[in-house]
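Take a look at the structures listed below.
The two complexes that follow have chain A in common; it is paired with chain B in the first and with chain C in the second.
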Partner chain A sequence: MTKQKMFLRMITASLIRRRSRMLVALLAIAVGGTILSGLVTIYYDVPRQMGAQFRNYGANMIFVAADTETALTMDAAEEAASVIDSGDLLGMTPYRYETVRIHEQPIVVAGTDIESTKITSPYWHIDGSYPASSGEVILGSDVAELLGLGVGDSFNATYSTGDDSDSDEPNLGVDMKVSGILETGGSEENYLYMSMDDLNELAGEKDSLQVVELSISAMQEELRSYVEQISENSDAVAARLVKRVTQSESTVLTKLQALVFLVTAVVLVLTMICVATTMTAVVTERRREIGLRKALGASDKSIIGEFMGEGLLLGGIGGLVGSVLGFVFAQLVSVNVFSSSITFQPLLIPITMVVSVLVTGLACLLPVRSTMAIDPALVLKGE
Partner chain B sequence: MFFRMIKGAFVRQWKKMLMIALTIALGASLATAMLNVMMDVGDKVNQELKTYGANITVVPKTASVVDDLYEVEDGTSASSGAYLREDELGNIKTIFWAFNIVDFAPFIDTTASLSDGNGVTVVGTWFNHHLDLPTGEALNTGVHSLRTWWDVTEGEWLDEQTFTSGTQGAMVGETLAKQENIHAGDTITLTTEHGSESFTVAGIFSSGDSADDQIYAPMDAVQTLSDTDGKLTSIEVSALTTPDNELAEKAAKDPGSLTISQYELWYCTAYVSSICYQIQEVITDSVASPVRQVADSEGAILEKTQLLMVLITILSLVGSALGITNLVTASVMERSNEIGLMKAIGAKNSSISALVLTEIILTGIVGAAIGYFAGFGFAQIIGQTVFGSSIEMKPFVIPIVAVLVIAVTLIGSVPAIRMLLRLRPAEVLHGR
Partner chain C sequence: MSLLELRNISKIYGSLRALDNVSLKVDNGEWLAIMGPSGSGKSTLMNIIGCMDKPSLGEVILDGKDIAKESDKGLTAIRRDKIGLIFQQFHLVNYLTAVENVMVAQYYHSIPDEKEALEALDRVGLADRAKHLPSQLSGGEQQRVCIARALINHPELILADEPTGNLDEANENIVLDIFRQLHNEGSTLIVVTHDPEVGEVAQRMVTLEYGRIKSEVVNQNFGK
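Showing the complex of A and B:
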């Protein structure tokens, strides 16, 4: 039998014979590994996951006409938006404002893409429901109060350019129905929202928008670069960041990541120390065995080698178990907190194993070296 | 005799005891730090989210304003007939949830003409106003804290308390400043039908919204210009709130529909709807409503952050519990010789158990005490580094950590002791 084979045989036999003790040590290492891989996965995923939460604040970029001469058209807006990664561009909502008459009052109406507003303005609170068919509109709560309209009421809206002299037909307007009343606590409550098609029917087609709201999943730096690119490329479109949303998101997200990082660091340090103490206790327990081996003539090097071998094997297995459990933990957290899956970092498994092996190895090394210095006779006697 | 033996053990083997105590301290410090951070993180993140600005707006009940969002009206904007009273502003800090009101600022809007005849919207407000409250407190509040995302591109923020120029100060939005070629330090004159006033531009700001086309000036000056002394068009409030739940939503629709105990629970919890209700009680003829964009999103983010911290805390508690159990079991096993010897001399199982357990629990208590203070230190490091403020130590973490350490120590030692006692003394003494 070769030296290596004997070596392996001794290590595994030792581990198997002292099953219970080794299992306990393995548990401690696995716990350390779990915490390492679990928390590190969360640390890397927090910006992405929390970032998605911040999209609840709504649009973080707007397009407006570059100057008062050029009209902002949907095509120009879409072309300008093409520089943004399609995966990051969560929603794009156009707005066209016109003034119409309802119940003889002038009301500002916004023609928009209703489906899209669910993404760029997720905080809209609708009493009733979103428009399901054409002719249905959302009424801001202030407008609803002004006109005395409630959910389900019908009304007639007329649009006039003021120049009806060349038209023989009476301006009958369009009959519409209120599908929902909008509450936001902001300026949206002063407007009436309808689909772009409905507005085209009411006020005639006009390919000119006042503003386009965009919700983009990106950090502030990336957003700034998009703004620069768009301003360079497009003559018709000027892009602006909604500072209120982007600045705050950046501040809070950075703090959250720092929090997870620090917590991870503290937990890791303490757990590793725990692992070290456990390994120290395990090795100290075997002092008599070491003393016996020395008395039998084993060299210091081979004894250290064998203990290190055991320790490394334990570290490796514990690290592997730990990284898998850590991934399970991180997935649990991600699904429960953010209702989405974690992005698996395959690199984390080998890293966890390497760290476990290093820590275990180091923890084994120190007590073994100290026992080397002792006289075998004393150790065998039980001191 | 029992206590003599315990004392003897501690005196003779204090080094070993200390080792065990320190390792238990490690586990206990981790538990303490995590529990304290977890309980305080909600408040800290809530404070951070205040950078989004006001989450409550207060307007006069009979207002029906129709303003344009992105276009500046040259004529007078459609105005309401009603206003809020300026002298009631201090009442906001007298509601039940006064401590949760972080900042607030009053607003009065009007249109004026610049020297070149162009019309411009002027907003009167507080920038960093000192307010003495009827309760005896004093506070500094204003737009400076409510508009944290304003970038002052030229000059600086206007501070009413320290502004020393002869005329009043004002801040001008970037777009308007470019249009009219206004720079920081310039003097501009605003004219309305009620008079004229000169302002020194303290700073030019970039807000990324409609404010870029407007001028912000001190409250009193704008009130004089629009002949609305003592009147306000709106108040913005930034409050620390608890995320909404079913009760809050039901109450928001109609507080009258709650039972007495539900009403009390709702009123005494810092839901945004509850704070709005209380503000309406102290400001006459007002309607306070949550700014959904801010209030709803805040709630969602707070909940998620807290849940995340809870899960991480549970993981670290499990980790430290396992670590302590492990160590305690190991240290008991180490004393197998001693236990075997005691049995051989004729000690009863119960006495041996009592002796060993007492020693271990005492060590555990010492360890827990050291650990608590170390944990306090770790928590403060985290709090200062991340949030720049200290973590509030909640007193009921102490019993939780104490129970945890004792329970875990017992779980670690009892099975080990019982196992050792079941063995025959001869075997144990022999070293198996």
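Showing the complex of A and C:
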């Protein structure tokens, strides 16, 4: 048998046959490994999770006509948006605003892609339903109150360019039906929303948009990079970030990641203290054995090697257990907090094991070094 | 020829002289018993001969070398290579089996050899208990494992501290029989004991009192 095999036989015998004693240390390391692995998974997954959460607050970038242009066209917007990674671009909604008359009241109408608003403005609360067919509209709650209209009511809207007086034909307008009332608590309640086709029918076809809203799954830095690329590539479009959304997203993420980092560091320190305490108890409990080994001719280096070997093996096993439990922990957090699952990162297993071994090694260092002070003569005296 | 020679050694703790100018020679192959009441300096002498302590004064010549001048590291090496220790309380590693306990001594000395360790256990009549943990062995069996461990590296000197102190008469006889066998094979034995029956079976008996050699008796009936 080689010395290495005997070394392994001794340290595994110590861990297995003294398992009730070593379980406390293993538990401490496994808990540390679980928190480490779990929080690191969350740390790296939080931007993706939070990004998805923040998309619920609406678009984070808008396109308007560049200063040199009089109007923004959909073609120019689509061309400008081509620089955005297709996986990041979740939705793009055009808006054309016109003023129409309903019940003799001037009302601002927004022609848009109704389906697309569900992605770029997921926070819209519709009392009723989204328009299902041509001629159906959504009224902002303020507009509905002003006009005295509710869900299912019909009304007539007329559009005047201002030179209708010369026309022989009377402007009969277009009949429309309210499919839903929009409540957001914001300025959206002052508008009437209809499909672009309906607005073209009412106000005449015009390839001219006031704004295009975009919902992009990206962090603030990446969004800024997209804005720069668009300003370099497109003369017709000016891209702007919706700072209210992107800044709060960035702030929350930074704070959340700092919190996760801090908790991980604290847990690692606590693990180290727990392992160090356990190893101190183990060394104290085994003073007689250490004295005996010295009496048999073991050098300090050899004794330290054996205890460190036990500690590091514990660290490795604890790390392995922790990395698996950590994934379960991260998955539970992700499902309960973000309502979505996370992907398993295999690299986290060796990383958690290495960190656990390092933390355990560090924690064992002082107690194990104290073995050097043990006097083998005490063993002979039976003290 | 002397294997061990103590030349005027003293061990002084403050105003206390645990050993006071002790001189002693132990020949190769000799069986010496060191006796004396509690506090006579037996343990101190045992620690010095066993290379676990150094005298305050004097020389300790083991195999021609003054071990009193050795560093701690040097003493560890001498302990490992030249001395086999047998303890009153056996001191087996409680989570290792009997054969593994014997192999521990091989591990620190040279290369562990399970076959050789099993042979050592067989020699003390414990071949069938080799895979048992100390907690599964009787006191006598544990002491025999301790003896097998002391013998495994073929030490020049076997040093036993009250080897029968925790044993019943039957096991005491077994241990003393093993000592006789070792002596017949040429091993040098130093047995520290307070038990006259154990001391009287040795070739020579030295009695300590107040840190000094009070008497030295050669057993005329030895070997008869």
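We adopt the following convention: the second predicted complex is superposed on the first by the 356 of 383 C-alpha atoms of A that agree within 3 Å, B and C clash if a C-alpha of one lies under 4 Å from a C-alpha of the other, contacts with A are read in each partner's own complex, and residues count from 1 in each chain.
Here, a residue touches a chain if its C-beta (ideal position, glycine included) is under 8 Å from a C-beta of that chain, and two chains touch if they have at least 3 such contacts.
Note that the coordinates shown come from a computational prediction; the quantities given were computed from them, not determined experimentally.
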### Query
Touching A:328, do we find chain B (first), chain C (second), both, or neither?
neither
Could you say whether A:248 touches chain B, chain C, both of them, or neither, answering first, second, both or neither? first
- Task: For A:292, decide between first (touching chain B), second (touching chain C), both and neither.
- Result: second
- Message: One more residue to check, A:39. First (chain B), second (chain C), both or neither?
- Response: first
Go through the superposed model and pick first if A:377 touches only chain B, second if only chain C, both, or neither. second
Chain B versus chain C as contact partner of A:13, first or second or both or neither = second
Chosen between chain B and chain C, the partner touching more chain A residues is B
Exercise for the section: Pick one for A:23: touches chain B only (first), chain C only (second), both, or neither. Expected result: neither
Checklist entry - Which partner does A:1 reach: the first (chain B), the second (chain C), both, or neither? => result second
Dual-contact residues of chain A, meaning touching chain B and chain C, are 288
Seen from chain C, its contact residues with chain A in the complex are 43, 46-47, 50, 52-53, 73, 76-77, 79-81, 85, 87-89, 91, 93-96, 100, 103-109, 111-114, 133, 149, 161
The chain A residues in contact with chain B across the complex are 24, 27-28, 31-32, 34-35, 38-39, 42, 46, 50, 53-54, 56-58, 64, 97, 106-108, 121, 123-125, 142, 145-146, 183-187, 190-191, 210-211, 240-248, 251-252, 255-256, 258-260, 262-263, 266-267, 270-271, 273-274, 277-278, 281-282, 285, 288, 329, 332-333, 336-338
Listed in rising order, the residues of chain A that touch chain C in the complex are 1-3, 5-7, 9-10, 13-14, 17-18, 288-289, 292-299, 302, 375-377, 379-382
In the complex, the residues of chain B that touch chain A are 23, 26-27, 29-30, 33-34, 37, 41, 45, 48-49, 51-53, 56-57, 64-71, 148-151, 206-209, 289-297, 300-301, 304-305, 307-309, 311-312, 315-316, 318-320, 322-323, 326-327, 329-331, 333-334, 378, 381-382, 385-387, 431
